[in-house]
């Protein structure tokens, strides 16, 4: 690679490298307050560099222009390529306007989370580690976004998973956080088997891990192998994105600190699958069975997530399930590609991937906003329970933030979520062919209604003053983590925060203001960026109207059902079922954990009693025979003589028999 | 220089074992450190100048005392030297009871020197002799300096270790002799060319003998039952040597002898080896899910990790050999790291068992906790840390392997990928029980003498230095596998593309 | 008939024989002059070593006692390996003499344990040595039989004389086994003569006999009968039963002589027989001999090591392990070629050196009792802590034991095992080699158990007796062990 | 000249001798059995020599050697047996060393 190209795509590298360096420095200085400055400044620098990249994307890099049509062009990352004889690992990274845009969103959300966390966790003795982990997480996500090499993607993918483990388990003093962290990692890791095998199969065919090579090779060879590989990738994406049947970890994962939830839900982990699948879209399009799997899963997930969100007693859990549902929406366009069978079809419909990425972008903004706002509000009340948060958004900023965020979630026009949702539905409707397409489309429409319902519910809870709930002594039973976590933390929330929240300092306010602005105007802003997304900004009037109508219908329904209380209270005792995610956790235990542990115990027993048995038996037999033969040996001279005689007879007999046998044959 | 790098630790070790009783602890430590440094310096010089050594030794059977360095052995030589040095340094803060410090250090030095000789040997028979040289000192480490609480366990573990290894190595010797007499040369370099031309039957026989023998050392399922016992009882330094150096000798032997010399014969039995490796991966992972003794758990995780290395080798591809080599190094540093942490805790607490509440390391000893979680992350194959490359490439190699009937090796690859999930499960199980602590109010277990006070949990003294080096190695190899692969690439290619 | 005689070549045999006569002569003039006896014996043995050394160095076989052409045959031919065996026997004899006679330097008199006096003992040792040195180079049946018995009979006497009452039982067992074995040897030789019509072990006769079916059958029988006869000397199972009894009851120096000089004689004799077959190695009819040799070797290896596993008396342990080691010695002969013979000889020398060290250390630790007989209760545990309390004794014992086990740092033992396995594998007899693996593992278990005791916590051992000769012997054997471990090529030529 | 006669004689001698050597508890009788085996060997050697007619063949000289060695052996054997008898009071070959030493200690 030339010197020149390195300089030209330096900003790309910087978006990955800056958070990485910050993470390392942060870990080294974990106990000192300087870590705050390091990570936040690094987050800012990464944002600047991602922004620069996007702004600069008209400047050609190296030998050619930056592609804007959804295709990617890969350039060397500066890491020397590896040739292992039969496998080339070029370690290349991608340049395209889309990756630049996603990278910008990731950097922005990361910075918001970092800044918010410095306030939110200011009394936590492990704040430094937390911030460093967030930086590492961001670096991993940036790597996934920019990767043009299966292996780099895998690296980012897995590192992100581990960081999520660390972040979710940050408040490790509570059993709930410990369990949630473990569960999230194990579930996603299980799904990642698909990723590993998928990467292996893809690379094995192309003898290279470069996206371009892999796509070029496999597009011409659709078949079982490709189906296996892409199915593997899809399974991994379902896992990381918490889609059915892996959906349950994400709800538990909110046992982590709210900023961590914001990061995981908004721009990184759960959305990573969308990025990867969008970049490998041509392969997906060549593997219809993988798409069918994806379609069924997202269709079920988006409805299930929305239904669950509707009935949660905890608003943070509501947001979590809404994430599950919305990620399914994100993935929906990717599940409805027309199957590509020919050789010459080239890149799969850029519009489709653009719709997915656009929704990801939108979701990142409004979900970050919602999480941070909820976190902000909850800090005063020590709880994220709906019953406790009733009417908590009293101040103007919080009211605006809640309204804008939930409007975006519900998909109302003008705010960013509205644009993106409309694009998704229009795309799916445009592409929908066959059962798969219609299934997804119907699910989408149902989801629009449900989403509007739970968004309305959340808005009503937060904005409407309800009956005053006295501080209950049985906090312990009701709380869902945040509170117990706070109690257990040595100093984090020892002091009552009511007063402090009223005097919330500049930083978190600024974060929420900026996110609110981005959510409100991001969509409009983006419409100006046709070239960035590589699609015509086609706003389909029909679908816009349909969506709006459905959303309003949902909202009205929710309003009506709520009366003057919380809608979810109508569920009565059945709400517990919702809080448990319809018992998925139990199913996991019964279907996977218990059998595996039983198997492990059996194996341990077998290892001790069967595998090792011959060894012990041999040792015991040696000792036994040693004693036996030793004591049978007498010191009688005649025995010695007789043994000589017997030996002679045996020797001669064996010898003669053998000699005769050998002599008899030619 | 190369000869000196190998001989200095062995001779100095013998001297320390024989005459060191009179030496004070301090003097013994300094002497050992000096020797280890001298050996490291000599080795570095030998590598720099490309030194080799070759002269007739036992003409009766045409054995030449031949030492040399190539890309395949260089990383292992470096690993051995560094680990040897670290174990000597570690002794400054943890000298196991059971005998004179000089005896301990002497045994460590001999074992290190023997391993160096094994990796540097360019003659099959010299390789075998060096292979055996390590036995007695390591037996001494286990038998004399092992777990002071249980004498029977020490005796049993030591004997198990020696007898298992001897059965394997003598079997390997038979294989070596069969190979040497058939090929007419015992030089490893010449065997690469000469062995490949042997008839398939001979090759298969030789490969069976060699693989069966070396499989004990690796260890390959179901020949692994010596490892947990040895690891559990050995002192920390001994465990580190066992895991980071001794096990590597087995896989190195597999690369050097069957894979390089009798490729066709090896190819015929490779599917069996691959299946055993895959079983070992899953087996080790499953046992780790319920094992309650920490060092035993790590030992079983070694079985799983070495399963990846074996699987890679069994693929018979160039990528596979590369994967095995880096997997070797990675497992060396990662297991050394974990054993230093867990072994150190065991020495402080008397035992590390998961069936009783343990203190949250991340609270009580944040530095040690960080190292532990990093080690566990590496053990579960997290990308960016050392073990990832070997394991991922092993799966790749098994998938692309031309050997075996039908989809057999592909199934093995899939099993290995599942094994990675088990690795995650058990690594996080350890993290959950030891790193974050399972009780809300973590208590430090009482010290061996029953007093609660004065139990130092955080790393101290030389241990910190050792852990720092290992952490850096784990991260460096993880981030830049080029460090290893750029060294090995050329020679692996020569060996694999005849 | 003229016979050429090369006196220098014969010196390794003649020197000890003359030494034996000289010792007796001196004793007649100066009774019980211990120092002189030792001196004479050592000089004689030294002369033998000096004469054999060049032969060990060169690569050629020295022939002498040859009859004239055309049908000339040589009665004596010593190749390099024979020379090495001779040197080993002579040096072992020197150690035995030092231990037998040297331990009580200065306090001769009524406490002297040797029945018949030191001169007789020295003469017997020297005579046996002459026999051993002769048989390794014997080429014809006459010399072979005579020298072989010369190596055996003095031993029986020595055992009987060494410790009086206690050793008489061992002596009796040795005697009856020995006379029966001699009868078998004679019978075997007679059958050989019937089959080949020749008077030497020359391979020409074997080839002739091989041509005819009947003769071949007789020849194979002859070999097997001879094998049964020699199996006794090498302590091969099932001809081994005398070994533990006699080893344990004789005085330790005499046991050492049995373990070294007699073994060398037995192996030397066997090698001569096996060499004769190298010309017909390719023939399948030979499988009977191969199976017999290999089978005896493996059975000995397994049984010997197995029983040794649980012995508590160090000498009995060494006796059983000698049976196991005999298997290793004979195993390479199953290859029926020159390399196998050399390997067997080399292995034996390595074994002799290591076992000599072990015996000398045992002798130093336990010492003879007041009557000169072996101490009543010798226990392995008595060597506990030896490595801590007596560094040199313990260190050398450990080195000897690891050599016997075939593990570094006893390189000589390890190389011996390699060399012993090589011809077997090269001859395609790898199933034998695989079984031998089990033997090797058992052996390691045997010696490791002892090593652990030696390294273990010290039991307060009583102060060692002052044994000048044994100490000198220890220095000699220890030096040999260390030197050959560094330079195994000294043994494996 | 037919060698059948001598061979049969030799076989009978060896068989009888072997039986005698293995079945006798008395040391002297055992020695006699051994002598019979040697006799069989001698018959074989002599008859072979006679058949070949070669003056220097092994058959002529070997018997002399064997007879000499046998004589020496018998002398030594009798000495040991005598000593054993003196010390133990019996020359029973089925006594183990323990019973033998008990004999000795019980005896005079």
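Observations on the structure shown:
We just call them A, B, C and D in the order they show up, numbering each chain from 1.
Convention: a contact is a pair of C-beta atoms (placed from the backbone, for glycine too) under 8 Å apart; a residue touches a chain by one contact, two chains touch by 3 or more.
Bear in mind that the values here come from a model prediction, so they are computed numbers and not experimental data.
Put simply, the chain nearest the middle, going by average C-alpha positions, is B. The interface with the greater number of C-beta contacts, when A-D is set against B-C, is B-C. Chain centres here are Cα averages; for subunit A and subunit D they lie 93 Å apart.
Separating the centre of subunit B from that of subunit C, both taken as means of CA atoms, is a distance of 42 Å.
Spacing of subunit A relative to subunit C, judged by their CA centroids, is 76 angstrom. Centroids of subunit C and subunit D (each the mean of its C-alpha atoms) stand 25 Å apart. Within subunit D, contacts with two or more other chains are made by residues 21, 27, 30, 93, 95, 97. Chain contacts: subunit A has residues 635-638, 641, 645, 648 touching two or more partner chains. Looking at subunit C, residues 169, 172, 176, 180, 184, 245, 445 sit in touch with two or more other chains.
Chain pairs that touch, as defined above: A-B, A-C, A-D, B-C, C-D. By the touch rule above, subunit C contacts subunit B in their complex via residues 342-343, 346, 388, 391, 395, 402, 407-409, 411, 414-415, 417-419, 421-422, 425-426, 430, 433-434, 436-438, 440-441, 444-445, 448, 452, 455, 488-489, 492-493. Residue ranges of subunit D in contact with subunit A, taken from their complex: 18, 21-22, 25, 27, 30, 93-98. Put simply, subunit C touches subunit A in their complex at residues 169, 172-173, 176-177, 180-181, 184, 213, 216-217, 220-221, 223-225, 227-228, 231-232, 237-242, 244-245, 284-289, 291-292, 295-296, 303, 306-311, 320, 442, 445.
Note for the complex: subunit D touches subunit C at residues 10, 14, 17, 21, 27, 30-31, 34-35, 37-38, 40-42, 44-45, 48, 52, 54, 56-59, 61-62, 65-66, 68-70, 72-73, 76-77, 79-81, 83-84, 87-88, 91, 93, 95, 97, 100-101, 104. Considering their complex, residues 634-638, 641-642, 645, 648 of subunit A touch subunit D.
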